[in-house]
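Same chain, two partners: subunit A is paired with subunit B first, then with subunit C.
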Partner chain A sequence: MSVLKIDTSDKHIISLAAIVGGPRSILFKKADLLAYDCDGFTIHKHLPKAVVFPKNTEEVSKLVKYCSDHGLPFLARGAGTGLSGGAIPVNGEVIISMVRMKKLISVDLENRRAVVEPGFVNLKLTNSISDRGYYYAPDPSSQYCCTIGGNVAENAGGAHCLKYGVTTNHILGLEVVLPNGDIIEIGRNGVLDEPGYDLLGLLTGSEGTLGIVTKITVRILKNPEGKQTVLAYFDKVEDGSQAVSDIISAGIVPSALEMMDKTAIEAVEAAAFPVGHPKDIEAVLLIEVDGIAAGIEEQINQILEVCKKSNVREVRAAKDEAERGRWWANRKTGFGAMGAISPDYLVQDGVIPRSKLPEVLKKIAQISEESGLRIANIFHAGDGNLHPLVLFDARIPGEIEKALEAGSLCLKACADVGGTITGEHGVGIEKREEMRFVFKEEEILAQTNIREVFNPDNLLNAGKLFPTPGRCVEIKKEMKV
Partner chain B sequence: MITNESLTEFKAVFKDSQISDKDDQHPLGNTGRVMVFPKTEQEISAILEYANTYKNTVFIMGGGTKRGFGGLLEKADILLSLAQYTGIVEHNPGDMTLTVKAGTSFQEIQTYLAPYKQKVPLDPFIPEHATMGGIVSANDSGPKRLGYGSARDNVIGLRMVYPDGTLIRSGGKVVKNVAGYDMNKLFIGAMGTLGVVSQVTVKLRPIAQYESILFVSFSERSVEEIRAFASKVLDSMIEPISLELLNPSLAGKLTNINQYTMLISFEDVKSSVQYQENVIKSIVPEKTTLRSLSQNEATSFWDDFYHHQPNGIANITTTQAVLKIGVVNLDAIKILQEAELIADACHVSIEAHGGLATGICHLTIRGAAEDIVSVIRHIRKSAKKHGGYAVVKHLPFSLRKEMNVWGEKTAAHFLYEGIKQKIDTNEILNKNRYVGGI
Partner chain C sequence: MSVKDINVNQATPCTSSQGNYLWRDPPQEKKWADCVHCGMCLESCPTYEQTGEEQHSPRGRVYLIKAVAEGKLSVDEHFANPVFSCLDCRACTTACPVDVDVGGLIEEARGQIRQAVPLKGWKGAVNKFFLHGVFPHRNRLRSLGGLLRFYQRSGLQKAVRKTKLITIMPQHLIELESIMPDVKRSHRKTHIKAKGETKHEVALLTGCVMDVFFSDINDSTINVLIRNGNDVTIPTNQTCCGALHVHAGDREMGRKLAKQNIEAFEKAKTVIVNAAGCGCMMKEYTELFRDEPEWKKRAEVFEEKVVDISKYLHDTGYEKPRAAITTRITYHDACHLAHGQGVRQEPRDILLDIPGVEMVHMPNADRCCGSAGIYNITNPEMADAVLKSKMENVPEDVEMISMGNPGCMMQMALGVQKYGRSQKIVHTVQLLDWAYQKEVGDDHHVRLKD
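Showing the complex of A and B:
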């Protein structure tokens, strides 16, 4: 216990501080809490009751037990990069920040696994093992600062998940603090197919509503021997979309297949990493193939051939690693680049069957026209994951509401062609209502029933993921304030 | 208990060809007093709703290959067979997704996809009888899991009929999806205890242009040498689709060389496959024999491989068991070695293979019933010692009652019970089929 005295009479704050070792490990003053009133989804804000910084699983368990025993709502937070509001304390939660639990516990290259604490930063894992030729595959754009614990909660994706899968495909084991404070281990020792329902798969992507992950065993991969990237410019979006389909149909499994439309190109060219994309094209494709070096040239030639058949204006392979790096920097900073052409933007995250791309893009153009807001499109075209970026100016009264409405309509367009409302950003508070675009009432109930098994008092991250029955209109209104 | 009135009601609703009250006996158990063959999802739903109302127990069956896998009740009131609920529902070649009805056999699906140069990237045993619903429910996988993943990596959507007859969809038709809980995962491997899988949507993969298998046989039974070589392969940049160790008796049966044999398979463009074969050739240790099979020869090997295990529809002459063991990847070598020792000591024969980058091992044990039981207990102890588990995938009903086929309960068991209770409150579906008697 620290000798520092805690400046509050709130008995809960005093008790929580005692669990984590004193006032240095807790924030509770309004000025300190402001930084925690939202995450990467900044439209909706709410102050937490406190933010605590545990150092180990036992402290997390004690914090959870305390909150649970005293009916205090609580939630876990990593780096706060989530884009759907999963870590926003909408009920004035006690935020359990995992940033002090940031150790790389062990690496076992022979058995291709590593064990990390939840606060360990995604990219640091790859950096820690790259000298020995290994890497961790899931690569969300925020990987330089987002935590693996947060990745598990959101089932994070990334540009390269087309070939290698999303976070859930790389998680072998978890230590979890349940909402009652119990500590359980699932996927013990990272052994596959442990008998019992697949809680590993269920917890990954549950947006922090079923438990708090305190230790993670991940799969690591050997670096591919070779890698080559192709850039292709198209005068028509339809031709670009056709090329995407034809590449996949040709039996090629690219490690990444990215597309940007005209508005997105305008933004990335006006931002920090321009590469000289022509301003008058309608679509640029970035296609990456990796694997055995001996097989790559053959695949690249096939890709060039396919692009030519689809009326490509210009197509070429990166001449060196530096050029490849520039292309990726240009693409990976695409969201932020919107700042160069618009004061504010809203990112959406729909997914569609690849073949519906032209149809959905047309619909989005129509939504843009009707709302009077520009919409840029950046997407993981290979797996049909669209990120429409709705550009707006929050200073103009009514524009936030208009942007939210346009974003929601984009998701409706995705759902209507057999797609879904989120591919990697999660539902959070942002897309609760849109869940109804894809699920019937009884299907939502089937999911909340599962939540009840883990989180019967709904004190852990309540109000996320699911629309509240009968209260949907009010929520929508509240969200728009 | 199913009554004569129930039977009359079924007969009024279903055609004669869809119902059978023969009251079959089977040494593997998992039978039913009445067998019903729904042809539609609505019929599946109606049967479950009926059973749930009258608290009739229901067992679910596809091709019957997994009849010996779990189950402590010999007979249910109703045996729901999906044998007549088959066919492709939707195939989008451009999106590389496929939706099939649960009763469709794996082989039928692959045959349908072949002209499109596409495949479902799973490799179940007995593919001509194993159904998609069964593969998903038992989370069955083979050596190619290393390259392509298992059902949990490739299934993107399910239509489930819940015990009360409600239809619940999970996932969807897109390859990336984080809307809501990943309920697919809950149903995959749940052994039919949470609902009847009605339709399965999977991601497809292109059929590789070229495939080959290398067999590296070790003349000396040196486990250290096998491990060192496996490490070398894993640390190289080659990308095998499977890296499996066969024990001498399985290698003898499938390749005629009675030695520990490492099976390394490749599927890619020809130049890449040949390059990788050359890498292996350059690093194989001394005192090993190297052979290779390519294209049709490789396919024909795999065909034998997927039929080497006993299963629920093969003729049963001797007592046989199949054990699935999960350990940390390279510990698979230790499990195979210990199986060799125990086989000699207990007078049973064991054919075994283990994935060196997955840690999943399969042991086929043949011998006297009491010897098999003691071998299973011994192997389970040894799997536990290595931080893993052992599950009995195939065993006659009489022996299943004697031993815990799933192993001990874990600290998470109360959650499994909670989930089962929420979904199947009356415990009608595949009662006592799964871990801890769920």
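Showing the complex of A and C:
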């Protein structure tokens, strides 16, 4: 393979290719690079300098060291399904693609942990251990194709995080290549409560700005004995929201509690996995409980009762596993389904106290009206994680800007009621400026100081996560208005 | 930047062109408009699985196809590489939340590439010889069949193998030669009456390759049809379905063949197809006639009549065989049956209706085997890698692998041979036919391989 010649005179490309073993592990021609100019966030685009595909930690370390020594900006990318632009090479980075490091290294059922390479796909872990009665809990909607390395970078959530927590609650250890090329291990052997700083917590969700994860030890869980899902249709969003609050107040801890509004229902029903939701309802709830089989029926009855008290139009439990599967496929492909009703969309990711749901939804409806853009809402209602999806057409001049502004206003509405600007998608380049909605100058400085320690030259994934100094003045002005 | 903006200053030979697509029948904007770049398709794609490279993934390809229309990329060899590395297996459309027709886009893009960058070298020769010289011509196909028959029967095959003459062929052609089915001469009537009372009248596409290499399967199809009360007509002026041409970007030839078939089957109420690739193509003929409204209308009528044999039997009913075939089998979903036509359960039900048949689940049964028309000839390295992962999923303890597409049958037979497996390759309808035959005591054997 390495006998193939590299068709370029760029010495950096030649050197990088040599590290990864030849031309089959590097892309540098425009037609090949174009597919890497954005990720799941398609508003900002920039071509990388090259894309390299290392096979192991040593190669990652050498690549990083090379970039660092030669002042080349670089970043790590998994499946590129991120929704905040964390893997977009805004500075013409060398993209270090982790997708060929996709082995399941070991499974240790006795200690309930597994070790994976960062390119290993989320759902494949569950699929590899489900026959033995185990699963990996964090389940972002993109779990069919997103990588666990990317999940660590973004601290990904998912529908079932209400009961089981987000990615950070399931990470036991990491092998990390630091921006100078050093290889470190944190959370060795998955033993809890390591002395010293909680680097595991710091690295998870650092959006690829502190290091590149090359090996991950994750917690795996025993399959719950029983599982049941309820579907409920509401004529009014307020009633649906009330039901959400009442379910939690009743002491039930659902494993998932999802809501979709009218526009979202229109999209999923027009897309590839329709289940026949009525078009005239304002909200559909998907409520799942799991645990020991004995208590499930009682919890389901309680949920049915609560929904009835909240003026539900129709409520029922899934009649079998197939129906349950259809309901979830319909929900989990919800973002992509927007393509059926709009050429482009921008998804936001605010978090609010559950009780503020009706108020914030009203505000979002108002933003939609004022901007003239439709906004669909799909959300993890149980933990107050909203996903307003701003629908627009990038071909119409000015619509991108309008959509960005509407998205930003949605986040402001969340911050204003005591919430925050991201629950699981990360800040990336999309919400950099909105960090000002929730952090003071000093609080942002405390964080960028930490980045300085790990990433002093800011060559690794620069321009992400924190606001650029220039624009904060404008945002501040906006906040005062 | 809108498509219209780019078009203004383009001097193009065709009025319907967009951006850097300069020829008739370019990729349609409405096909990519639904793609929001979510990435749900990535893991469904065999070539992304092998390479991890996004330009070899469905969303990457769609992105590049769109980039050409936007004028960001030109139709050249660099663009051709990801577009032609696609197996056109359609698994991405199954995975897609909004059913983006990636296969259709790929075929249209190939049409543009083939006009911009004509094939050269041996790939060009292979394409030209088979796609223009052989497949569309029944007589030439028969002659080729005759030649092959001569090659196999005369001892020449043995001689070639013995004298190592075969070593001058490229490796993948040697492998294909070694699994070449036994070619039989077929003389068939054009009308075959149903056994007993006539319940339905159907016409059969006998196919081009199918009728030379797999005439057994056509025989089985006819047996099964007449056994279940169908009068079968075989129109003599029918031709190759054109799938291989359209997959290769030769849409002009595809249109020519489509027209001939639409005419040949004009009188038929139902057109039975036993090759998934042909069925899928014929159900998409309207795609070829976007700017020929008259033919588009006729194609729409035609499409509705086309049905896969397993779906037809399932929908109209068939007698369950009384004789048993005691065997453990597994089923491979041909891409153009499962992803292309949504036919998944029907063939499995047929197999399970045969007494004595035990079905073993094949993981990722609807994953491409790498055959993909003539992909295994034009992209042997990738086809081989895809085949390898397919074979890893074939359960160890089965005697047969059943499927509904001749291309898959050849490729899977190659896989069985190459990876030292023992399974026999059968078409679903063959197994049903054998069960019927067994009722009258005529025990058939799998004929694909000795």
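Everything below uses one rule, namely that the second predicted complex is superposed on the first by the 469 of 481 C-alpha atoms of A that agree within 3 Å, B and C clash if a C-alpha of one lies under 4 Å from a C-alpha of the other, contacts with A are read in each partner's own complex, and residues count from 1 in each chain.
Here is the rule we use: a residue touches a chain if its C-beta (ideal position, glycine included) is under 8 Å from a C-beta of that chain, and two chains touch if they have at least 3 such contacts.
Keep in mind it's a predicted model, so treat the numbers as computed, not measured.
S.K.: With everything superposed onto subunit A, say whether subunit B and subunit C fit together or clash.
M.R.: When both complexes are placed onto subunit A, subunit B and subunit C end up side by side without any clash.
S.K.: Who touches more of subunit A, subunit B or subunit C?
M.R.: If we count touched residues of subunit A for both partners, the winner is B.
S.K.: First (subunit B), second (subunit C), both or neither: which does A:155 touch?
M.R.: first
S.K.: After superposing on chain A, what angle in degrees do the C-alpha centres of subunit B and subunit C form at the C-alpha centre of subunit A, to the nearest 10?
M.R.: Approximately 140 degrees at the subunit A centre.
S.K.: Contact-wise, after the overlay, does A:34 reach subunit B, subunit C, both or neither (first, second, both, neither)?
M.R.: Touch status of A:34: second partner only.
S.K.: When the two structures are overlaid on chain A, which partner does A:337 contact: first (subunit B), second (subunit C), both, or neither?
M.R.: A:337 contacts subunit C only, not subunit B.
S.K.: Would you sort A:275 into first (subunit B), second (subunit C), both or neither based on which partner it touches?
M.R.: Once the two structures are laid over each other on A, A:275 reaches no partner at all.
S.K.: Does the superposition put A:53 against subunit B (first), subunit C (second), both, or neither?
M.R.: second
S.K.: In the overlay, answer first, second, both or neither for which of subunit B and subunit C A:99 touches.
M.R.: A:99: touches subunit C, not subunit B.
S.K.: Between subunit B (first) and subunit C (second), which does A:165 come into contact with in this model arrangement: first, second, both, or neither?
M.R.: After superposition on chain A, A:165 lies in contact with subunit B alone.
S.K.: Could you look at A:449 and tell me whether it touches subunit B, subunit C, both or neither (first, second, both, neither)?
M.R.: Touch partner of A:449: subunit B, not subunit C.
S.K.: Would you give the minimum C-alpha distance from subunit B to subunit C, in Å, for the three-chain superposition?
M.R.: Nearest C-alpha atoms of the two chains are 20 Å apart.
S.K.: Please name which positions on subunit A make contact with subunit C in the complex.
M.R.: It comes out as residues 27, 29-32, 34-36, 38-40, 42, 51, 53, 79-81, 97, 99-100, 102, 119, 121, 142, 144-146, 271-273, 333-340, 343-345, 395.
S.K.: If you look only at subunit C, which of its residues touch subunit A in the complex?
M.R.: Listed in rising order, the residues of subunit C that touch subunit A are 2-3, 33-43, 52-55, 57, 59-60, 63-64, 67, 72-73, 76, 78-79, 81-82, 95-100.
S.K.: Contact residues on subunit A for subunit B in the complex?
M.R.: These residues of subunit A touch subunit B: 108-113, 133, 154-155, 157, 161, 165-166, 168-169, 182, 184-186, 188-202, 204-206, 222-225, 245, 248-253, 291-295, 298-299, 351-355, 380, 383-385, 418-427, 431, 435, 438-440, 442-444, 446-447, 449-454, 465-466.
S.K.: Mind listing the subunit B positions that touch subunit A in their complex?
M.R.: 92-97, 117, 139, 149-150, 152-153, 162, 166, 168-170, 172-186, 188-190, 194, 205-209, 231, 234-239, 268-269, 271-272, 274-276, 324, 326-330, 357-360, 387-389, 391, 406-407, 410-413, 415-416, 418-419, 422-423, 435-436
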